[in-house]
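Note that the chains are named A, B, C and D in the order they appear, and that numbering of residues resets to 1 at the start of each chain.
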Amino acid sequence: MSVAGQMLETHPKDLGGVDRRKLQECIEACFECAQACTACADACLSEDMVAELTTCIRTNLDGADVCGTTGRVLSRHTGYDADLTRAVLEACAAACKACGDDCAQHAEMHEHCRIRAEACRRGEAARRELLGSLD
Amino acid sequence: MSVAGQMLETHPKDLGGVDRRKLQECIEACFECAQACTACADACLSEDMVAELTTCIRTNLDGADVCGTTGRVLSRHTGYDADLTRAVLEACAAACKACGDDCAQHAEMHEHCRIRAEACRRGEAARRELLGSLD
Amino acid sequence: MSVAGQMLETHPKDLGGVDRRKLQECIEACFECAQACTACADACLSEDMVAELTTCIRTNLDGADVCGTTGRVLSRHTGYDADLTRAVLEACAAACKACGDDCAQHAEMHEHCRIRAEACRRGEAARRELLGSLD
Amino acid sequence: MSVAGQMLETHPKDLGGVDRRKLQECIEACFECAQACTACADACLSEDMVAELTTCIRTNLDGADVCGTTGRVLSRHTGYDADLTRAVLEACAAACKACGDDCAQHAEMHEHCRIRAEACRRGEAARRELLGSLD
């Protein structure tokens, strides 16, 4: 079991009605996305055609920040606040959507953009699954 | 003029229809809130009655992360994405509301909680002003 | 191959003499540590004996911030700066050491502290390996 | 008095032998630098000559992360760890030096780079003052 999964298993308090597997997958996807967005912004910065990738870099920087913060908020369970959880997940969805929309505009996507876009899509799916289970 | 204000003034591209003064105030409020929440979480942790302040600490930690991320997103103007900006501002509002609601429950509020709550309220007002001007 | 590994493989520029496998392991360890420290701070906060765990919570919060920042710095390769890389890795080592030292003082360690301490130790080893290969 | 100053004044525990004014100035400089670096990276990204500014953008991104983390670590006083504080301040100095060195290489510095470089220099001075007072 992953470290994130073990941390959920050993939390001293009841986590309420949350689906633990979905929560774990969402936490892991958020941290993976944060790393991938950071790395993709840097890879774009090193491309010869960087001038055409500035929007991609910017959305990646936002994605790194928002996914990182979402992963941290989801890793906390003390004094759970459903409204905040939902609002952060919505912001994360908007950040990943912005990343994906921009990439679709490159006629010929860079390999690092493709890998990062797939990480964003998996993150998107994990967040939708989690948001659905919160209802 | 503050550094954040000077950075806005010297940005090479047009910032669109955004109210520059409101944007500056909101950026500054976000970074101020991020610091205040970080410091308040730590001050609560050093209180003798820490066991009664755990929800306050948790909401402060979320507030520090969400306000910090919001301040960073608002400091970027390349390839502006209105949907992401709004979603991040909504998450920030939810985080500050959670901080405020929790504090109101302390019969006798700690001085550091009061100062931080005022910083959150100013941040709240700055974000509402900015969100209104984005419409 | 992990997403972090794929991002390294597809970076458009030469990564210099760095050992790519060690770099990948160190990046992954940093993000894993950042998550584990965030979760452990929260788990400690939910323990009945929270008043005895305040130093553990504080070092975890520092660890989450420093490991997260280190993971981001290591994910960037454009305009590599060896001095900064080393200084950040040293700060990360100090943060993980503080986490470990504190835990050793609990006569009976909590399970979430044990899991997080192991993540810190793996991170420690990965950073030492990487620092050694930079010489 | 600033919010950061008020938070220091109302901390429930003794802050030890630290010079409170120097600590406050350093915390504020860190958050100001984190914002200025974030904004400068974005302003560089919007310059027509972005291809010549990629190292500047990268050092700014590192600077934003390292200064932000340093500001957070300095805002915590529970269970103070001198080794970690020093290591983080050293990493912050390395990050700000990298930002400054790169800027000096532009024959004609951009206005936003100049403003951010001054923020870095003030941060540098504040950190040196604080490090000196810790001895």
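Annotations for the structure displayed:
Please note the rule applied: contacts are C-beta pairs under 8 Å (C-beta built on N, C-alpha and C of every residue); 3 or more make two chains touch, one makes a residue touch a chain.
Keep in mind it's a predicted model, so treat the numbers as computed, not measured.
In this assembly, the chain whose C-alpha centre lies farthest from chain D is A. Residues touching across the chain A and chain B pair largely coincide in numbering: over half of the numbers involved belong to both copies. Centre to centre, using the average C-alpha position, chain C and chain D are separated by 21 Å. With each centre defined as the average position of its C-alpha atoms, the distance from chain A to chain D rounds to 27 Å. Residue positions of chain D touching 2 or more other chains: 42, 45-46, 48, 54, 57-58, 61, 68, 72, 76, 78. Of all residues in chain A, only 3-4, 6-8, 10-13, 27, 31-32, 34-36, 38-40, 42-43, 45-48, 64, 68, 71-72, 75-78, 110-112, 115-116, 119 touch chain C in the complex they form.
Partner chain D is touched in their complex by these residues of chain C: 54-55, 57-59, 61-62, 65-66, 68-69, 72-73, 76, 78-79, 81, 83-84, 86-88, 90-91, 93-95, 97-98, 102. If you check the complex, the residues on chain B that touch chain C are 41-42, 45-46, 48, 50-51, 54, 57-58, 61.
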